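Scrolling down, you'll hit the structures one after another.
Two complexes come next, and they have one chain in common, chain A, joined by chain B in the first and chain C in the second.
Let's turn to the complex of A and B:
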């Protein structure tokens, strides 16, 4: 069961998503109001008007996108800002801002675990999401895109408009597919509620790609794991919404009791739920090395080997 | 030596690559459907993009299936993949010509 620290962390995180909803979705759309307000225009708009995320990812390999960047078209800069943050601090947009991801995650919390699929350690979500991302970025070269018809941000905007302004959009089959995958199968009936984020969101995938690169550098922020403090209670595995934490099968991260946890940098959204849930202080978020694997097993007697493993080795 | 190393690296990677191929296939299907839904109804210019993307999706999913299965199961799944691609293409063609009674 989550402790008080874990619960408080969760409240803060969902509060932050609420702020994301107010910043990037109608009716508040504070970001667009502020952005255009300083230019004397009074506009409201959704996430596309603010940050151009999905289509921005689709256009990253196209010359036109870069021309717009050099022409300082503000809407083309959003995706670059999100990527830069992911490189330096992790996919904070997913972990702290994205109201669409938080909606499916929140819905999943309403359904008992026994009805949910758990992909932790079973499905290579990183491979599938990067494959999807590649396809998403190839499509513009044959004149196509998988942006708007299959966009959960857009549907969330419709939902928000529907609730606050009585606007009822036509429910097309592509929207039905998205709702089924995002909120039902990948949300309510998937442990963590982040099935869509894990497999089908190009915005999440590109952030994790850059986070994976950035986390190799010492000065960037990342989730850090200290195996020598870990007792393999697996609290972190239980709470991880992305199912990015899984028990280490091969014992590469030898811990005080010889097991440990593996964290997948290519799906972790640096939400820090696991940090708040770890009762032994084995997890933290900060700069420096991500984790230190235990030294290779030595031919020494068992007691001596355990002693060596308990000391943190630098690699 | 180098070839052996590359072969070993490939052996370790192939499971990951096959999963990535399924993801790639999903994106290509989505792109094909989106194109037809957004631009083609009663307005098909015969650009062929939908067919190219769907064919790419079938090829990439088939490569994933071929990597992860063997024997009779492989043949069955490959046939099903090809059939699913054809069925979707047929459905999209009907839609483009306005022959489907509902909005995709």
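Let's turn to the complex of A and C:
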């Protein structure tokens, strides 16, 4: 029964995020403790204190970053580890570990759909997020930084600190902007609750960039679509938190029933919610070809146009 | 063909929009962030040639959003670093700054009751101290809310290892008090007149 399968999947994913929270945020911050423990220190901290993700992305075009990598500075390796995982297995960090992304997604589930906007489902989200990534990476060269001042990982750490300590942490104006965009506008009032992830997270964007490349290779893991099994029930479209799935137009796929679905691997976080929601087994996660192309006899692939209009490509 | 051109134009426009967002954010942060929180270093042994810059916060210069939502709370961060060649058990205290402060110390051996770490800090290593402070109602109209210092101490001997001057001012409350240059409210280290003796040291609260 797909409902039960979906629910079970959601529980597992929730558990995974909870583990992410315990690994990378105070008070537990187990990963940070272990990370510094092997270096003889007794530190707790947040995600960026160990993996240095946002600043890591911001520094990818700088020579100093690469010098640190060659000097095997442990903190500089975090972003490369996340990118390597994304290349081989998809953006699993976003889909299974990032508690910050899951928080906004969870908040979105509390608000009825009629109060939510659906920007990612209507515009080319990939263009915006890659634009944001490019801007983020050139900031150091124009003497600016948006790494820590707009860091939702850090804010989540302070929130966790405040909740466990029973106080309201001091915020800055930039943090207030982040909370408004991440949890309110991009979370509670956006379909899927991943507005921040979709448009304003450089860590997610760089993972999808490499996932987009990796998914073209046969030996990497990716979301796979079997059009001949698809009945165009659109359950996958409804459950996708990133709005990466969209109905295809007639003629794109030769499906069992209906026009099929297009997936955008530049926004897909391989959370596999769609796989769990598919009652017909048309979706899976694994190695091999992303989709078995079965082009319809129609000469004009109108569905491709629809998918491309929203930055989608067939998986 | 026309549809494809439109799509391409839209994608370019959205890309530029996305690109401009972090640039705008970077400028905003550059203007606002230094006014709303401060950070400093408590490194020992102190370099005698290097003058320690005080950490100054002017609550009247907070950004609009902060003034609207959290005008009387702020955060200060100090990094403590052992630059000697021997491990030291380090304590950190806030002196002459009678504000309610929540401490978060990133060394998990921190003991809030004695305000010191339980395990010695190895040479070359450090930890961070976050102070989340509230300005009480009765202190908000003072030109100088606090003129104290954050000190790193040797937890065994009590000797001061390093100090970071800390000034919290409200330039809107009185002329000549803002910006951190020259205090007319209280001299550094002096106790503000209407603060009871018992409040001179920030009370121990939570640590995490």
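Just so we're on the same page, the second predicted complex is superposed on the first by the 284 of 315 C-alpha atoms of A that agree within 3 Å, B and C clash if a C-alpha of one lies under 4 Å from a C-alpha of the other, contacts with A are read in each partner's own complex, and residues count from 1 in each chain.
Operating definition for what follows: a contact is a pair of C-beta atoms (placed from the backbone, for glycine too) under 8 Å apart; a residue touches a chain by one contact, two chains touch by 3 or more.
Please read these numbers as outputs of a predicted model, since none were measured by experiment.
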* Asked: Superposed on chain A, are chain B and chain C clashing or fitting side by side?
  -> clash
* Should A:43 be classified as contacting the first partner (chain B), the second (chain C), both, or neither? -> second
* To do: Determine, for the superposed model, which of the two partners chain B and chain C contacts more residues of chain A.
  => C
* To do: Report for A:144: first if it touches chain B alone, second if chain C alone, otherwise both or neither.
  => both
* Who does A:168 touch here: chain B (first), chain C (second), both, or neither? -> second
* Return first, second, both or neither, reflecting whether A:11 touches chain B, chain C, both chains, or no partner chain. => neither
* Asked: In the superposed arrangement, which partner chain does A:33 touch: chain B (first), chain C (second), both, or neither?
  -> second
* Between chain B (first) and chain C (second), which, if any, makes contact with A:176: first, second, both or neither? -> second
* Structure fact -> After superposition on chain A, the stretch of chain C among 19-27, 109-117, 181-189 or 199-207 that runs into chain B is 19-27
* Structure fact -> Dual-contact residues of chain A, meaning touching chain B and chain C, are 123-124, 127-136, 138-139, 142, 144-146, 149-150, 170, 172-174, 199-200
* Asked: Which positions of chain A touch chain B when the two form their complex?
  -> 123-124, 127-136, 138-139, 142-150, 170, 172-174, 199-200
* Structure fact -> Within their complex, chain A touches chain C through residues 26-27, 33, 39-45, 49, 123-124, 127-136, 138-139, 142, 144-146, 149-150, 161, 164-174, 176-177, 199-200, 202, 305, 308-309, 311
* Which residues, counting only chain B, touch chain A once they are in their complex? -> 15-17, 19-28, 30-35, 37-38, 47, 49-50, 52-53, 60, 102-104
* Asked: Which of the residues in chain C end up touching chain A in this complex?
  -> 3, 7, 10-12, 14-23, 25-30, 32-33, 36-37, 62-66, 69-70, 73-75, 102, 104, 106-109, 117, 119, 122, 125, 127-128, 132-133, 206, 208
